[in-house]
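As written, the chain order gives the labels A, B, C and D, with residue 1 at the start of each chain.
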Amino acid sequence: MNSIGQLLRLTTFGESHGTAIGGVLDGFPAGIVIDEDFVRAEMCRRRPGQSAITTQRNEQDEVQFLSGIFEGRSTGTPIAFMIANCNSRSNDYGNLREAYRPSHADYVYDCKYGIRDHRGGGRSSARETAVRVCAGALAKLALRQLGISVLAYTSQVGEISLDDNYTAYDLSLVENNAVRCPDAVKAAEMEKLILDVKRQGDTVGGVVTCVAKGVPAGLGEPLYDKLSASLAGAMLSINAVKGFEYGNGFAAAAGRGSEQNDIFFNNGGKIATRSNNSGGIQGGISNGNDIYFRVAFKPVATVLKEQPTVTKEGEEILLLARGRHDPCVVPRAVPVVEAMTALVLLDHYMLDKAKRF
Amino acid sequence: MNSIGQLLRLTTFGESHGTAIGGVLDGFPAGIVIDEDFVRAEMCRRRPGQSAITTQRNEQDEVQFLSGIFEGRSTGTPIAFMIANCNSRSNDYGNLREAYRPSHADYVYDCKYGIRDHRGGGRSSARETAVRVCAGALAKLALRQLGISVLAYTSQVGEISLDDNYTAYDLSLVENNAVRCPDAVKAAEMEKLILDVKRQGDTVGGVVTCVAKGVPAGLGEPLYDKLSASLAGAMLSINAVKGFEYGNGFAAAAGRGSEQNDIFFNNGGKIATRSNNSGGIQGGISNGNDIYFRVAFKPVATVLKEQPTVTKEGEEILLLARGRHDPCVVPRAVPVVEAMTALVLLDHYMLDKAKRF
Amino acid sequence: MNSIGQLLRLTTFGESHGTAIGGVLDGFPAGIVIDEDFVRAEMCRRRPGQSAITTQRNEQDEVQFLSGIFEGRSTGTPIAFMIANCNSRSNDYGNLREAYRPSHADYVYDCKYGIRDHRGGGRSSARETAVRVCAGALAKLALRQLGISVLAYTSQVGEISLDDNYTAYDLSLVENNAVRCPDAVKAAEMEKLILDVKRQGDTVGGVVTCVAKGVPAGLGEPLYDKLSASLAGAMLSINAVKGFEYGNGFAAAAGRGSEQNDIFFNNGGKIATRSNNSGGIQGGISNGNDIYFRVAFKPVATVLKEQPTVTKEGEEILLLARGRHDPCVVPRAVPVVEAMTALVLLDHYMLDKAKRF
Amino acid sequence: MNSIGQLLRLTTFGESHGTAIGGVLDGFPAGIVIDEDFVRAEMCRRRPGQSAITTQRNEQDEVQFLSGIFEGRSTGTPIAFMIANCNSRSNDYGNLREAYRPSHADYVYDCKYGIRDHRGGGRSSARETAVRVCAGALAKLALRQLGISVLAYTSQVGEISLDDNYTAYDLSLVENNAVRCPDAVKAAEMEKLILDVKRQGDTVGGVVTCVAKGVPAGLGEPLYDKLSASLAGAMLSINAVKGFEYGNGFAAAAGRGSEQNDIFFNNGGKIATRSNNSGGIQGGISNGNDIYFRVAFKPVATVLKEQPTVTKEGEEILLLARGRHDPCVVPRAVPVVEAMTALVLLDHYMLDKAKRF
């Protein structure tokens, strides 16, 4: 379905080149001050056309709230919002009515539904992530009241990656460069790589690392709605995501228990751990440490080179993509990863709260 | 919650050392012949004590079906089953009433619930995965009728890993060795490593690779119940799992779009792709290719060495685990990964079927 | 939550005097021709201002589809739609900011949320039912392909009620009068009663009877999603509804089993029943007979007479409602009951279909 | 599905003459003292064979808890329990393998599933309600801590009904007679009627009225999970239920708004209403008044008289029911109605709590 969350449920709608995209955020707590400037600022972080390394489409992505807010505060009723599709150049996509773009969802949508809005990828366009960022901004406003913050950054672009764990970086520097990488030197390398790749009409993948601070111990519903499972599901629901790992992740597979266990100690009266290989989640439940995880993105499938493919009828053709596309989706994916994280955390906060008598 | 699935929903219950563990599989289609021998064989693949490299606990794991089966066939009503806890040596765990084992769920359960059954890890014990294997065996029986098969194997133990993709191996050999690795040479190395680690009272992690064949194109519900998202959530719900990737996964981050795209061609009248970097899933929907993914397991947290920790009251103590534990969970996790995959695929098959008018 | 349905899920949003009301219909099957004229005609049946016996508010209730439809057919993606709030006279409601209208939801919304949009009842306004009618119209289009029809009518207004079961009436006559009653004589009496009551500044309740024909045997998910339970829940979700009964309903309580049992017989090779006291549902599952049920509506709470009440601060005041209100909601509730029925039936059709291998 | 509830979710399983029936209650709050004597006492209220007016089957209905309770308190993990089927005389049902009992679920189960356990009605047997009573007893224990109580009684048997609203009776007298009616004179009449009907081999219907006291204002989730809608759905999920009404229910249809509105006043500093026609629920949300509603039960379909029917193959036969059956289900349904009410209220309490920041 096009919804995510149990108590805080986001339902999204809209095709890339239809009338509008939008969402309904249901279950959002009442009485939260809705800082529309903050929402707008978050939207700008995802917006196309923000720098030389992103697509030159100039979508305004102006959010219009339709319900659920009264005199500046949430009312506890569904918050609906829409983003009109203004700058759509559908004729860029005329040749996609019949042709299946490689590694896009065109073919499978036809298999599943027998019909599809081919313009700009229709429902499968990453444009839908704008809706997530808006909803995530609202969730962040509620989490802020609870002392919970969520911050993500680009930790890899192509073969260039940060060597250290998030604790080695000053995350306040993330927004200082277009790549959203806290290491200025690496950021410059990444930016150069993206521009090179763009010049070649190609695309490149990368990794986003996300950190949530201030999450209280106890969030996560065993056994099948573990916090780690919810985060994994939410991340894999983002376009182009191919992998998820939390804590020491895949590296854990190579290790020994005696080295990786997070040893508890008494930290001045408070129970704490000497390391955080668990990534803040043990047995699927937050333990009060920072939560951190990594999300792998594949290179954007739309390359500006001629590629062979087939049409709906099976005819083999050569396809040359037109339109304006991102050479690397990762910098703009940073706020999307944060948004999904915020939605998951607020949902789990409420799930946990419900049962505390 | 303790349930997974939308139309095919497994609800599990039980603590490691309580009366019984078990599950209710609701939504299972009617009329499927229940091959109890097959279920038993699957249970044996996960059972402790099956070889020198697994724990020496000798749990029988005898499944008793309570409902939903009549004269050998499923009736469409909930299939409940239980597995009595026979061989529980609770006194092995007396010292765990107060102490928090490092990197276990003891501490977070106390944070969340204020009470826990400390014996053998209680609800957070991996013993619960026996229930998953039983339910997964039933799902496999239904999938078999649809021509869908699921097979997993050990692709990494500690620093020893298979170099190639699943297509390079003969997967019919997986059950030929205790490690469940299709490469006999690597299997022997892995087995040796596990025994070494065991001798040192330590544990080691690993990776399970899973392949599903015969999945028709069209499974997966955009946007938030993508097949990839459901698989990720299901895998991260398994104890000790730290990461998930499908297709070329994290390696995709380093690549270029022009190299990674799966080019469509006309394969004798049928649309096919020249590569399968997508892992059989595009835009969250199966495309008819093999589905494959990898699941990272951390080393078992229980090491047979003295470790510092704290008690409930914050007292710092040294803890020496007793009991019989796996030095490496991966070989026994193989059928668990398969089971969760089977449950997800059957659920998605039904979700897709529902809407085909 | 503000959603209903499992596979076909309607999520609604909007306050009476906010920017817009609307909905997202997710899970709707692909490829259905969307007859917008039919949708518009259904909306007109619920629209205010359609006759002398309804409120004189003149809302256009123009539906704007935002997504999920391409070249006149559903695409399987969420169908979002909105209805702008044009003719809202919010100053009619200025005195309701502090005062609690008797038997309205004002007080409980304040208890629950601590904040409310008081204008026109905000979220609790019956205006939300316009969204249901739109979604229900879409569901009817899909049901029509399956040979399933849904028809409701007014069977009671105040003390005037139809004496017979639905089978005694020609239901094609329902739309011939403003009351939506198939018995022209009773309809005239009902209309006169409504006008009398209106003149007195009062309101009156009534009953809607609904009949679904062509429903195949087998719909309904035991035990907690019985078709009867889903219908009851859906009907009780409509504003002002106080009761639900199906088949012979409350009258069954006074009867004997030997008289009420529906006796099976062989009707020319087809199994049929000699009576239909079960209302087409046995054990929660449709049996192929007509499904029929009755829904009780209380009199509209807004009377145009001075009523004592209290303010938020507990001050006792006299309140005189302004604005334009329905003296009897039942005629306009007829299409709402149909809409909810259509949504429930289509959802159950898909739930049943999912499991038929 | 065989589950009910969102945060507090009961999943039930089992056939009348299978190995066992049982349930899993998931989401139950941790730390609640489980008074097993109370659970047993509640089970006895529903148990067959408790008086001359109920079936003479002597099922022990001994509940065995399998999980979720540790040292006498709930742990927050799923509470599973089972009730073995001991006293099943399956040969009473041999002739039902082929024949469809009138107004039972035999026929529709065959339509839906193509297979059924015919013994004793299988899954559709009212025996399943024992599971509900057990889960409801647990919910009552949690509600008790919150000051919420639930009490039901028989308000009608056949043509004999109580004339007044629940407030006219001393509900502490309900358990003083076998019928569970607080009016001793009417109770005697009802009992006589049931015995007469039994002697004739017939059955009779009735009505259960239920009252919940101490429910705080604010429970109920607009718009589709209204408290009234959830209660209606839960009641209609009980075997043999044909109708539901709350507050003045169907009688409201005949009334005027000016008479039925519940006028607010300031009751010594607290907002209260002068009447309670709303039944404690306005706009789908509890308002702090007593919640009351009525549930109609049809006569038990199994009469001890010969009835015509058809077999699976369409052959017309005469069927004479054997076995031991209730002439009137209402007295034993009283605790079932209470149980479902308790489950709904606790679920809604948690849903509401989740969002109160």
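Basically, contacts are C-beta pairs under 8 Å (C-beta built on N, C-alpha and C of every residue); 3 or more make two chains touch, one makes a residue touch a chain.
Since the model is a prediction, treat every value here as computed from it, not as a measurement.
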> So which chain is the furthest away from chain A, centre to centre on CA atoms?
Replying inline: D
>> Counting C-beta pairs in contact, which chain pair has more, C-D or B-D?
In response: C-D
> In whole angstrom, what separates the CA-based centres of chain C and chain D?
Replying inline: 26
>> Centroid from C-alpha atoms only, then distance chain B to chain D, rounded to Å. What do you get?
In response: 39
>> Two or more other chains touching the same residue: where does that happen in chain C?
In response: 1-3, 12, 27, 30-31, 76-77, 112, 123, 222
> Contact residues on chain A for chain D in the complex?
Replying inline: 6-7, 27, 29-32, 76-77, 142, 145-146, 222, 350-351, 353-357
>> So in the complex, the part of chain B that touches chain A is made up of which residues?
In response: 1-4, 12, 100, 102-105, 107-109, 111-112, 123-124, 128, 156, 158-159, 197, 202-207, 217-218, 220-226, 228-237, 239, 241-250, 252-258, 260-266, 269-271, 273, 277-279, 282-288, 296-303, 305, 307-310, 314-316, 352
> Which residues of chain C touch chain A in the complex?
Replying inline: 1-3, 9, 11-15, 18-22, 24, 26-27, 30-31, 64-68, 70, 73-80, 82, 112-117, 122-123
